[in-house]
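First chain written, first letter: the chains are A, B, C and D, and each begins at residue 1.
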Amino acid sequence: MEATNSNWERFQKRVHVVIYGTNTFAGKLFDLILLAVILLSVVLVMLESVKELDAKYHDFLYYSEWIITVFFTIEYILRIISINKPLKYILSFYGIIDLISILPMYLSFFFPQTKILSIVRALRLLRLFRILNLAHFTGQASNLKLALKASQSKIIVFIYFILVISVLLGALMYVIEGPENGFTSIPRSIYWCIVTLTTVGYGDIAPATTIGQIIATLVMILGYGIIAVPTGIVSAELANKTKNTSRKNPCGNCGTEDHRDNAEFCYHCGNEIDN
Amino acid sequence: MEATNSNWERFQKRVHVVIYGTNTFAGKLFDLILLAVILLSVVLVMLESVKELDAKYHDFLYYSEWIITVFFTIEYILRIISINKPLKYILSFYGIIDLISILPMYLSFFFPQTKILSIVRALRLLRLFRILNLAHFTGQASNLKLALKASQSKIIVFIYFILVISVLLGALMYVIEGPENGFTSIPRSIYWCIVTLTTVGYGDIAPATTIGQIIATLVMILGYGIIAVPTGIVSAELANKTKNTSRKNPCGNCGTEDHRDNAEFCYHCGNEIDN
Amino acid sequence: MEATNSNWERFQKRVHVVIYGTNTFAGKLFDLILLAVILLSVVLVMLESVKELDAKYHDFLYYSEWIITVFFTIEYILRIISINKPLKYILSFYGIIDLISILPMYLSFFFPQTKILSIVRALRLLRLFRILNLAHFTGQASNLKLALKASQSKIIVFIYFILVISVLLGALMYVIEGPENGFTSIPRSIYWCIVTLTTVGYGDIAPATTIGQIIATLVMILGYGIIAVPTGIVSAELANKTKNTSRKNPCGNCGTEDHRDNAEFCYHCGNEIDN
Amino acid sequence: MEATNSNWERFQKRVHVVIYGTNTFAGKLFDLILLAVILLSVVLVMLESVKELDAKYHDFLYYSEWIITVFFTIEYILRIISINKPLKYILSFYGIIDLISILPMYLSFFFPQTKILSIVRALRLLRLFRILNLAHFTGQASNLKLALKASQSKIIVFIYFILVISVLLGALMYVIEGPENGFTSIPRSIYWCIVTLTTVGYGDIAPATTIGQIIATLVMILGYGIIAVPTGIVSAELANKTKNTSRKNPCGNCGTEDHRDNAEFCYHCGNEIDN
């Protein structure tokens, strides 16, 4: 009995090294293959949506997707059984994505329309960062994340403000241009207003009257000025973050990093720092 | 007589706490309900402008709007009678908005077209900042406001300059492309020029001749360079504002400012800092 | 004889005060009226290009423009005779603009098509800065100008690079999409490429083949990254300029301004500065 | 024998000075003529693609291109024989470009379609920087290059993230809008998504349903926020680069760095600074 148990444990351990580890050759190889399969699977779902290709290669696409789904299912089970705290994995961000990457295919037996949901597999591509395990890349990403977090509330305030203004400008254009020029309702005019403010400018709705064009001009100039604000916010935050990333050595006493370039004493323990 | 008076005063006080206060439960609840009603009212005005929905639910939309208008009217009267200096409120930014949020509905008895003006209620949504009472959010907004104010005159100079150039470029394109390619008049050509400079690019008017396309290319590259300016202005101002908001006191020993928020010792002299 | 001479000199002086001066009431009034007339004249030229308005008010527009042209001519002559060095004015930026603002109308006797050139009067609107004489505004403008000048060579390098890439990408799209999808020649494909890179996106030419759309996607992402560069350049320069605009008093010894916020000694004469 | 050899060597040397040198008059003249010929050759290839011009001037364009190709071939051979390490030149960036600038014309004897590849000559225009030999311009370019290199990994992380999100948003729009509104497949919907996120907005595909327009609005606002990120990254890096390039030495007395370029005394201790 014990032998079996230890066999099982040994198996569990080996699987863990391959699936979760990134230091061994097998671990690296597995990660690379996994990423390739994810990419392939996303491409397959995309190609299946192209009518001509689906008509021609329907069977090939269909079976390929099933093979990948089975592969993902086995991987998912192995991930659960080879980890100490399976629940923590299952409820983690990647755990949930791994699950909803395989569910739609099985559900498609009962509800064929759900199959398209397999596209959420694209989110598994975010594993790339983990797989490459580039400290550099992760550092950059986290630096970005910090700056974006610091900008967040400023940007929310800003977007809320923009939306309120868009409602007013949209209603104004609805009154001026009217349904005959494509501004068929206030919601549609608001849609136009945001298309213009963000400088996307599809041209599916465009002002035709002179007054409408004058107001549109004002909206564009406003949007032009407005685009400066989120950019300015993020720039300022990133500049701040970058500035604080210094070329000073960590403190010799307490190891605190990230000193100002003109710091002479550690801001954490007060110890003198040498360059 | 006095009892009545003091009754009235007590009523006034209680109303004031609910309407203007944000610390009591009743005050918070009132604010949240008010915001929800404002949002609902804006959505109703928007939906009414959609022909199909108006045809189907006209009565429901009509009576809902009236109920909300009466609710807003009562709120407006309560706001006036429960405050010490009613005139100050009436003439304040929010007081005027509160009034013009209810006026159009009453005016619509006499002039039905004015009803659409109810959309100005959207401005009442700006109360969100006051309601949430998030010091954090307000701080962010005021920081933004300061930076925008500092950028203001630079940006006005800049927009004036752009407008003058647009007149010249518009006239140039009018001469080159002419009415047969959609550039029917100088004002319309100026409209095209701003659509292009701001990179909106509807495509309702687009150059068709070779020379016109070459000039359009130059206008685009100009616009590309130009978009950098307001962005640069706001970025620089915000970077300035963000940098100057170290919340730490200057060092008590050497007076150095601009400490990190988590600094415990002065980076210049190594002295301990109190918050 | 002398009396006449001195009469002439007195007249010259008085005219100079009114036309060039901005301190007396008459000088200010003249500047304001002049600006209003310039604005009016630009609007008139614009309106004349609108077919319907020209048909209706042709005579009114025609005579108004002539009255303004005569007014500008008198002003031009007065400017020349009331200044000490007329040649300097005539050859200055504003002098040349003042001249080419009136020439087209007179030339239109012989070549009617030149009349549209009167639109260069729009450049006279730049006088606003001089007229308002707002030290603040001029300061802002010159700050901007400095930053733009510092960015200039970086931006020229950048635009040259973009143009070379556009030629290659344009030729690539010409080969892939071909004349049947609107990419009728390499120059036209380059036009498309710049319309896309600058995110203007008229939609008058848009890729129709799958490979074309993939390349277009890459061009857009490139353009997206590229727009960051001039913006970054201007932001950095402006941030630099703004940073150097300090809140320190000028040096008590030599009067040098613009000290760093943490300066303790004048960088020009080495004198100690008090806050 | 030796005389021939030394004759050859002298010839080699003289050619080297003319072709690679930029200090002698002959060297400068050669560089300028070369650049003009490159420009002419690019323009010729472009014009040949315009049907009307090709029909009219076919022979002229054809022979001009051959003359230029022969000129380039001679130049290429001279470059090889006049340099000490020909292989290093042949394998360098410019060496490869020089070769593929002439190959397509010769290949066009066998495969006429390859002729259009001559457009890669446009890359030779990058020689301008070397030819002008402006230390200033090169400095600017290298400063830019450094900032872009520092931003690179942040921007790659960012674009990868955007692409993953575009796949999901594209699939979502494909489900909502469907083939009847132009969203014929997931790849095409992804194309739409990137056209919108980058604010290009051709309008060849635009959402027609209400839910589709609401999601499009969200995508635009997202794109609006997103455009801030690469801009912010580059701004922050450039600001960093620009800031660190004080050309003054640190103070000899107290070691303070970062003096203004026109500083004569240390702003920290008042000591005189030598350049």
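One rule holds for everything that comes next: contacts are C-beta pairs under 8 Å (C-beta built on N, C-alpha and C of every residue); 3 or more make two chains touch, one makes a residue touch a chain.
A quick note: this is a predicted structure, and the numbers were derived from the prediction, not measured.
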Contact-richer chain pair (by C-beta pairs counted) among B-D and A-D: A-D
Greatest separation from chain C - chain, by CA centre: A
Classification of the chain B:chain C interface as same or different, half of numbers criterion: different
Mean-CA-position distance for chain D and chain A (Å): 30
Where chain B and chain D are represented by their mean Cα positions, the distance between them in whole Å: 41
Numbers and ranges of chain A residues touching at least 2 other chains: 187, 190, 199-203, 227, 231-233, 235-237, 239, 262
Partner chain C, residues of chain B touching it in the complex: 153-154, 156-158, 160-161, 164, 167-168, 171, 174-175, 179, 184-187, 190, 196, 199-203, 206, 210, 213-214, 216-217, 220-221, 223-225, 227-229, 231-233, 235-237, 239-240, 257
In the complex, chain C residues that touch chain B: 42, 45-47, 49-51, 116, 119-120, 122-123, 125-126, 128-129, 136-137, 140-141, 143-144, 147-148, 151, 155, 159, 162, 187-188, 190-191, 194-195, 198-204, 227, 230-231, 233-239, 241-243, 262
Chain B to chain D touching residues, read off their complex: 199-203, 231-232, 235, 239
